[in-house]
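The same subunit A turns up in both complexes below, where it pairs with subunit B and then with subunit C.
Showing the complex of A and B:
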């Protein structure tokens, strides 16, 4: 099929990006097509593998994933396997090194980084810009925020870190040069940190307020295109370690990560089509032969040998649920494993609902076979050459257990080899 | 035990109690208004916000209809800042009995409600989303009113007239001296401290809870609780109140209030005003009825479901009531001197938000008679604080202010356009409890249901020294769990997407589940009233829990 693609990946989140890069680097002609940006722009920009399991914080991430797989055969990690997870993390780190946006952490032992509320939060891999925040080190922290940036509250972070046994204090500044703007968007601050004159003005204000032996925490806006340069420059000017803490969307670290993938994909010869929702598909028997993308003028068919569906779950519109509680997979109409139904009644007045104690799978998703192919109603692969990856897979509580990116990279890496 | 002395003690800080307290204070009585929780958290803060024209009641409850239209005009004069003059429509659809219209028109004439018939085409021009198969439409002077704003305006006026407002005080005892009630004993829900309030006259305005309060004096008062549920949709599907042209029933009214519109309601008798369910089948029924008013209603975004209980007084003569829809919406003054031979105490219950001021006038008139004084009521002509200019609330006001100075302040809550200054002012006045701030400035009530703004607001309360970190964490977690109660039954469509994004922010990004100081087990089994805190100090309870948790997590770390 010379006119078509060896693989079409639908969706541009962590899973879709990883699947497309894996396929293209193995020499297969790959198209990544997506309605819009994915989870990268909303999440921390770190790679969570498994942060909490059985009510406990996880230190040994990969080892605990193996335990999880034996305890919960319906979990997406059981479908991807622990070996694929390890291989995917390694491939991801190598790719990000090549892209000039390096990640640290070994995936075996979790890092412990502060959240934007000052909670010590486990994660497996983090970009170099966050590494100095590892709370397993005792260095006292000075959390620095801006009174003209509303998505980061240094005093609250510092108090909560201190209460959790990690001494911290707070400093609040006005972002220099933006004194007349009370409501700075994160992108504006990130672009400012790309520029040396802003960094010089910023460090001139902050420097005198630092004490020897501290490390500096900032909101995750340390540069959009030149983050590593910005980090090195700030550390040189201040003479102390500097790190960033991810905060409310849009995620600057996530956007950097997306941009790194995008550069790698294009450099390797893959085609990336963002802004093109997939509105249909063609089949020949049990094989998908083409997907139909909506382009500016008209629907266009893209021929292919195989498809990876990585449209995300309900958060990104890969699955919809209507007011009769009927769930639908939006591209292929695949059977959806429903989320636990809400209780028939909730108490309207007294006890608050148990936000953290939800029964069963909290999100609808797809069930897959050992090759990560979505199942039809009879329990066999719906199409022989259709694979699913990422948040679409049922059985995880990604936000609670801190497993989202690990599932996406592992399943993306696996399906990218299909 | 501390003690206070007053002339008039009003029990219940909903619209009725706040109205009574203001009425008494304006007549020169030394007045105390008391509630077991925050003001307007019982029935008043849980209704859809309709300022009735009376049109809904003209056929089945004409007395209530007359009360409504009279007070509609009064409130437009005295509470303009709380009212949006939306107007209202009564719409006959293919589902409605065409014979009802004649009864409706005659009833409106009898009650003195001005109506105007619109052609279906004109009605659809004004409200394009309405069911296009509507056959008959009448305009009425319905409007919407902000219940919290109104109650707080009344309370502020009580304070301005040397009165006191005691929120979070639960009555434990009425002080009975022979056949006279001489005040009450209350317990501060936050400190546990008891306070004795000596009063010349005590007015029971506790609505659906009036039977419980009267019971403290051994008086048999039966107030039925008629539960109604409401669903807020993420924007205003109509700009006017829309009623079905038929006898009042479930799911037949759409009320545009502020940035949302609310469909209501149901009416189910419940035994306990503090313990009742919201059921899936009720929600589905409301959506089906919504479709009849606005086709496509099911596909619109539902933000939140909640309920409230109407106080419906049941006279002893009426016997058993099977359907609370049949209990009159008019109000009832129970003068316990006549009925029970007990002086110094009366109960005012039943009624509607729209008639709260008239209820207050009648109650305080009765108290004056018993106290042997003659003082005229002035509430019908004295504007509430902030309503002196007589200008109605305008939905565009916040956007208009923002556009005057787009960079001058932060928008902490984008959905409701609430600035940092406004939230900080509210916190300085009322403390850092985010649910109290929600009721004060509508924080977190828009489409994101607090997903973005609650982190910001919590950080502001802490940065300004209003709450320490422990209290801030508690406020944040309580807000998130409390919101979940209203969101959880509506997890479909775009609001499900929003809920997942909010999970990703609260749990994934911020990891609130592992905040220091949060003891999840301790959060269960408390009433919302016990949880509320509106002082700079964190609640004593939260502090205790924090200490416990510290020991536990110290071992883990």
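Showing the complex of A and C:
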């Protein structure tokens, strides 16, 4: 048996997790190595595939992705292909089912769920804890928050929902047992909702404030380890549908999702090493032969047959941009395209509106070939066995398109099979 | 030491560390690493002179720092590379200001306790296993009556090693840093380590006069004493490092001190610390390294057991993967389940303390349940205090990976 890995995945966000699980489940010895936790812990915990296209909200996600691919050959979905996206969504749902944290939605028709600001947001898959919030249903909403949980604003959400044509009102409570706390972290509330006595006390306070025919929106803190049980228990006690709305980070649904991946990976025999960045690599000129990790006494080489780079874009540190606006990929020094350009300036001041409205990709990323291998300066694969996945790929505007998790899962699934 | 502190400017307040902190999860007494670390650090402007070897003492603004267990998980999960645990360990030293209570002075000196306890092992062990007497110890000293304290072996590993005949025809030589726990409490583990290494063609040298690495002193906030301990131990090991010996350690956290924490936390930047660091190996890291060179004996007999494995927090701090799991994978018949729960709670001396015992048990509760749920014959874990805590909390006998390998080599029955 070789002492090295069949595949090393660098990065523990959606793309890296999906690549590692796909590879390990296909019987390949896989190491996931990351500097820290990231994407999952900071995003909504939903799977956005394509929410906006050509200036309009998308209802038919996969079908519109096919249109997008034909219109924008430089988009990451053009590299992954629509079939891979569909297969990745299916594989993701099956994995989360096995982990006991099921998702709903099919990727064909988008769900329409409230955002942390109360804006209707199109998303393809969502955890079961958010499903009753679908705004395509007319049921009025009561948004319930806690006065000492400052990362969730019921009145703001209710007002925005109402303004968007979805009747909602706000209720603010004090979380029972936490009356003395000035500032509750979301994990504290999530752990409280794992416990039946807290849920009983909470529903005893909330119940009398509900009106017939409403559904209850709560911040996405309904349990950390027992979210499904918490949801069912709340709905039974209150007698109305209950759902979660994402909060400001850290994201409890994202942490549940990360934990589910982590359990699946370890149970399948993959290695997960978080907390030690990759600081270099070895190559025979054509192929990456080892990845060098930081370890306590000396750099450590991890031998491998292939590498998936899923370190994320500028926000995650996969790409850095220096004060001269020179963009750099941080592990392999790969050429970065579509580097950030200076925003237009007005009287020497940058103009945010102009910056955000500028058409086309404005964040730097990696260009890849049809096998998702990053290109070198000559336009061919930089290394024969190096692949890239996730936000690192250039050509998308995930914040505008609402496409981030879909790109990550599709490219992670594809590269996990490389 | 400056670069540890400078990392706080990378903190973006995402709170990922707080979500991962096992202590903040179970007690409101510790608000979480972000608040105590990068956030409060900005109010510790006088920290540098305070924790410098001869610096003046000054109060820390934050008393909750004393409830950080020092597991280091916060630094591992931080996506920005902030050295949160390291900042907190140094902040605690400033908070303590060299004024350790008697209890902490005692439990932070395992070599002193071992030297005193070993000749009187029967008496000491009778005291430790007597609940009424432990109640007295708790009320007088503040060491919790139920905390897992191991019995003294009554003989030291050094005594065993001085009588042990070294093998001839060895293909390589290694020095063995055994640590206090092996010397005074688990000399059998040291003997098995030597035998496993010898089975793999190593001549094992056990440097005489090995003293405590100083980790308990560092964790309890006495940096001057920790630095003195570090200097003593490094002086002992330096000749072996300079002679080119690999130095292996079976105590994961003590090995990590020698690899990194002397330099990074205690700020010891003399050349000898770097030289010794570069020659340090965790025992499983070393054996797996031999395997990667094709030089590990793989004449393993089947070990038909179901065994959960918990990689302790300090093991993860090495950044060497999980070589124990890799080695277990070579043993036929052994079914290993890697645990996903983060921490056993003990954190060296933390869970021994009267006021922290229950916190440590609550931290470890998910791990204990996860271990029991595998229906194990035995559990494995690299770190000694973690093993004692897991055995105490889960009721499942917990052994060092070396004991499993020794059983597979036919050296011992598990």
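Operating definition for what follows: the second predicted complex is superposed on the first by the 400 of 418 C-alpha atoms of A that agree within 3 Å, B and C clash if a C-alpha of one lies under 4 Å from a C-alpha of the other, contacts with A are read in each partner's own complex, and residues count from 1 in each chain.
FYI, a residue touches a chain if its C-beta (ideal position, glycine included) is under 8 Å from a C-beta of that chain, and two chains touch if they have at least 3 such contacts.
As the structure is a prediction and not an experimental result, all values here were calculated from the model.
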Touched partner set for A:317, first subunit B, second subunit C, both or neither: both
First, second, both or neither for A:298, with subunit B first and subunit C second: second
Which superposed partner A:275 touches (first subunit B, second subunit C, both, neither): second
Contacts of A:93 with subunit B and subunit C, given as first, second, both or neither: neither
Larger contact residue set on subunit A - subunit B or subunit C: B
Which of subunit B and subunit C A:38 touches, first, second, both or neither: second
Touched partner set for A:255, first subunit B, second subunit C, both or neither: second
Touched partner set for A:263, first subunit B, second subunit C, both or neither: second
Contacts of A:414 with subunit B and subunit C, given as first, second, both or neither: neither
Touching partner for A:169 - first (subunit B), second (subunit C), both, neither: neither
Common interface positions of subunit A, toward subunit B and toward subunit C: 42, 181, 249, 316-317
Of subunit A, residues touching subunit C in the complex: 3-4, 31, 35-38, 41-42, 181, 185-187, 191, 249-250, 255, 259, 262-263, 266-267, 271, 273-277, 293-298, 300, 302-303, 316-317
Subunit B contact footprint on subunit A (complex, rising order): 42-44, 48, 57, 115-121, 148, 150-153, 155-156, 159-160, 163-165, 172, 180-183, 246-249, 313-317, 320-325, 339, 342-356, 362-363, 398-400, 402, 404
Interface residues, subunit C side, partner subunit A - complex: 14-16, 18-20, 24-25, 28, 32, 75-81, 256, 259-260, 277-278, 280-281, 288, 291-292, 316-322, 325-326, 337-338, 340
Contact footprint of subunit A on subunit B as seen in their complex: 227, 229, 273-281, 284, 287, 298-299, 302, 306-307, 407-412, 420, 452, 455-456, 458-460, 462-463, 468-470, 472-473, 476, 478, 480-482, 484-485, 488-489, 491-493, 496-497, 500-501, 503-505, 507-517, 520, 523-528, 550, 553-554, 556-557
